[in-house]
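Have a look at these structures, which come just after this line.
Below, chain A partners chain B and then partners chain C, in two separate complexes.
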Partner chain A sequence: MTGAILFHEQTARQRIASLVDLHSFAELLPPPERLTSPYLAQLGIPVSFDDGVVIGRARIGGKKIYLAAQVGQFVGGAVGEIHGAKLTGLFKAAARDKVPCVLIVESGGVRLHEGSSGEIAIAETMRAIFECRALKVPTIAVIATDIGAYGGIGILSTCCDFRVMTEHGRLGISGPIVIEKWMGKKAYDSANRALVWKTSGGKTKYLLGDADALVHDTADAVRDGISKFLGKSSAVSLASIKARQKELEKRLKKFGATSEPDAVWKGMGVRDIEAASLASGPEFAALAKRGK
Partner chain B sequence: MITAKTAKRRENKTERIARVGKLARGKFVAPEKVPEVLRRIVEPGDILCLEGDNQKQADFLANQLATLGKKDLRDIHLVMSCITLPAHIELFRKGMIKQVDFCYAGPQGTAVADLVKAKKFPVGAIHTYNELFARFYVDLTPRVALVAAAQADRKGNLYLAANTEDTPAVVEPTAFSDGIVFAQVNEIVDRIPHIDIPADQVDFIVQAPYPMHLQALFTRDPAAITEVQVLMAMVALRGIYEKYEVQSLNHGVGFNTAAIELLLPTYGERLGLKGKICKHWVVNPLPTMIPAIETGWVESVFAFGGEVGMERYTAARSDVFFTGRDGGFHSNRPMGQLAGLYGIDMFIGASLQIDINGNSSTVSKNRITGYGGAPNMGCQPTGRRHPSKSWLKAGAEANPGPGTSPGRKLVVQMVETFQAGRVPTFVEELDAHEPSIRKALHGVTPVMIYGDDVTHIVTEEGIANLAACRSVAERQAAIRAVAGYTPVGLKRKKRETEDLRARGIVQLPEDVGVRPSEASRSLLATQDIKGLVRWSNGLYDPPSQFVDW
Partner chain C sequence: MEKFAKAFPSKPLPSKTAKPWALAGVVGSGNLEVLLERGGKPSNAMECHVETSIPGYKAAWLAALSDFAHHYAAGGTKVTINDQGAPPVLVTLRLRQAYDHLIKGDK
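After this line comes the complex of A and B, so read on.
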């Protein structure tokens, strides 16, 4: 029952090393280039030589990929100008070279200290992602930690073709504390961890179709999850967007009034809530008849 | 019936009960009548025991007592194990207490320090648990005891459920000295699972409008165990558990020892230690012990109290835990403390501060926490006569002279050199020497464990074997050698450290066969609470604050 370090406990660089083929990773704009945030320096806040994101070329199962991993330990993986520019450039390079692009997400969104440039950078990265999608170049977001994907990075993650999640991953726009602040503790108790994970955690996102794969919390499982999508892409067309919109309308009608996350699970085909709560990855997927 | 020649105490009890009159129906009191009943049964100058244990609290009775004022009740001599609740503090603020004798004030440590500064906290003494329980039978026998139970039947028999804790130790001396026992219960039922306290030792019972406060104190989330703690755990396993073949032990409640528990089925197994160490435990039902129990390391566990969420698991593992005929978990603090004093090879726990002589304390200038039970277990009981392998081996190292015991209990302090916020653990002098604290305690410095009792200190730097030191100077050098980059550690002299290392008194991780680079969280049998639930086959129900699924 023991083995490698769990994926969600690894650092960004450990994650990359454990995902890609041995010695295949070549970092772009590595720390020795010292591209740091000019804004944080002005505010007297410590900077990081990678500005909180590691990007580069690598191979998975022999296939070329572009790869980025955000560093949650550095200002919560938040996106500033340099961080954002690295992401934009990476996805643009992916589109140019027609090489799949994988983003290991760990970010609460835009870095407040450099809000405008962060917002613009996220918007530009989304544009680059849609360039990839138009060219059928696969884009994959991996969301596997409790920092998860929130704010602009939550939106950006859902712009990718596919999302691979673990049960530890969380995906949303406003974070739990923000929701509680606006809606009140009665409506949403951010200290209720079970509630938080049952509304924004990987399992629920998988049930609702926001995550395309739910995998175990190990580098091996995440790599397998990524590999399955490397040759695929999901087309963005008017028809596909209309179909998705219909689906969402239907779901709002079905669950809009419910305040009980278990009811959503039941409505999405989970019969044994207790067993499903304990299960993870593929075992959970097997217990849930998604989308019925 | 035997008639006493003088029965003033008994007559006084009869008078008190007569004063309650129709406020009670038999033994049973309605919740809203409790304050008035308390006013009538307690007299000025009484020794009053308000049950506040490490975990369970007679909180309803405490809250009702706190609604009264100095004109209702005054000059109370309060005796209690743990000052835990805001209601306890309220009694001091209102000036109702003339003296307090207690053991521990963890959650209210800051409030107690404030009361001491305001001279509103008249301490008799701070005790260890068994000291206070002992005095219940000598000079601190309660006139009135307010206790907490899970259930009562219609006759007034009490069922204490998993948290027996201190209740028998409070009730017996009170009931057998014509004192009054008043119990709050969660529910009154026709049939209780088993009788813990017989009805004839109970005078009044109230069904509280809310279940008693029960603290989940011993749940340690494996996710919060650091790699430094894993390293220390590996060093302790090899340098102490393996070396002395420790059979019976108590673990503290910290993350350091939780790491050891989670390493047994993995690292311990790899070292071939299964069946050789850690068979008999005196500890609460720690959730982090589940993997070791499930892999067959543990033969028996006796507990001071219960732990929230472990009820179904302990019932299913009645071959390991002590349980009633009904399968319900049984605990007992005084007996657990006694077992921890005399019955075990080793006590291992953490501390906030250790001085250069090895004395430790959890008191700081702004926080007075008291002792609890650690000093009972973390000491050398000179009344011990039975040998064990570990006891004799440690005793031989300590080189006893004529007129001393041939054996030693292993008393191990396991600490990181720095606490959170880069506060050094090792200091030249303990904060506990603060004059205002010493004055409040009648000249006693609140030391948790004395350096003379400590056999080993384990830090991330290595092990210092204090028992093997031959002089005070040598002991200080050994402590400095493992004190890392704290001011105490920086004063070490390389030559002294090398000399101690050559003699095996100081051991670095590599000296006990541990490579620091091996220390990884992936060695833990599980990395999170959910993993513990899985290990328990779904029988462990963690408290909601630990659940994220």
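After this line comes the complex of A and C, so read on.
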């Protein structure tokens, strides 16, 4: 039913249906439970039955997974108390049962209407993710929509073992409009979509190594991307953190002074910028010698 | 916000449905979500609960819901709606989508 729709155009529930094995999804805390945000209700803002995130158990290629998909259309997929508690519980369940956990991200971060409880919820989810990683339970974030992963959810996505992105996906901490507000339009023009995607989009994040796979914008490609990481996990250790810190220092030294995103692409091994701009997914990856 | 509830006479739902509940739509600007569940109290009425961010259109809501209850066998169901300013045609569309999912399943 949903096979033909581009992944970034699907709703959260359609994404789940198109990714997992047929009829394998069992939703946890489904809409009839009516776990809605008490804060939004107090503020006179409409609530949603799932508080903007669908969670549950499913199978991909026969393998058991825990799965969450954020609903970007509902207050930008932002994380409130209930939404965050659902994510925390899911990752904790994944750690308990030693089952990989996949997060289909579509969120600007914490929901400002319930800021403090949202922040706490993100912190608790991060702790649960690291619980998974300590037990070598794979955690995978899929970032494939133009709402992307920003703020607390940007941080949370990078806490996972792996990130699967499409060229539509964006990953960052402060969103483009926030950066423009603080630094001025000259420093960063949030209306310049080419600039925004070349600094925080999936292709650039793949070049820099922040994304582990770059796939086409279809459910099949995303599923293949997830499947590759289901059996793996990357351990967190002092050595791995130090190595990462070194990489980031190198990146800052190499690109810290440039204001030209193409310089970053060139520096990361893209020879033909125009061809790379038009390419997508694996074709783009083939045009770049990442990190060399 | 405006909140109201009303039951509308409707023919009883078929005794077998694919699912115990169905959801259609998303709470976003100009959109709404409709949760349709089996197990409403009288089997010859559709019980409706509406919460909308746009007050003042109760008459239009009641007309749309009563029309749906008249045309579909939805007796013994409970309809709960979270709305963020959807136009009446969209309300009808989502009700029909939810009904379709309830009877036939998602696929």
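Some notes on this structure:
Following the convention adopted for this analysis, the second predicted complex is superposed on the first by the 289 of 292 C-alpha atoms of A that agree within 3 Å, B and C clash if a C-alpha of one lies under 4 Å from a C-alpha of the other, contacts with A are read in each partner's own complex, and residues count from 1 in each chain.
Please note the rule applied: a contact is a pair of C-beta atoms (placed from the backbone, for glycine too) under 8 Å apart; a residue touches a chain by one contact, two chains touch by 3 or more.
The shown structure was predicted, so the numbers you read here are calculated from the model rather than taken from an experiment.
With the two structures aligned on chain A, chain B fits next to chain C without clashing. Of the two partner chains, chain B is the only one that A:Glu167 touches; chain C does not reach it. Of the two partner chains placed by the overlay, only chain C lies in contact with A:Gly44; chain B stays clear of it.
By the touch criterion stated above, A:Asn192 is placed in contact with chain B alone, chain C being left untouched.
Superposing both complexes on chain A places the Cα centres of chain B and chain C at an angle of 70° as seen from the Cα centre of chain A, in steps of 10. Of the two partner chains placed by the overlay, only chain B lies in contact with A:Glu9; chain C stays clear of it. Of the two partner chains placed by the overlay, only chain B lies in contact with A:Leu278; chain C stays clear of it. Once both structures are fitted on chain A, no C-alpha atom of chain B lies closer than 6 Å to one of chain C. Residues 1 of chain A contact both chain B in one complex and chain C in the other. Listed in rising order, the residues of chain A touching chain B in the complex are 1-6, 9, 167, 191-194, 196-198, 201, 203, 274, 277-278, 280. The touching residues of chain B, when paired with chain A in their complex, are 265-266, 291, 520-527, 530-531, 533-535, 538, 544-549.
Those residues of chain A that touch chain C in the shared complex are 1, 11, 13, 17, 22, 30-32, 34, 44-49, 71, 73-74. Of all the residues in chain C, the ones that touch chain A in their complex are 1, 20-21, 23, 26-28, 31, 33, 35, 37, 51-53, 80, 82-84, 106-107.
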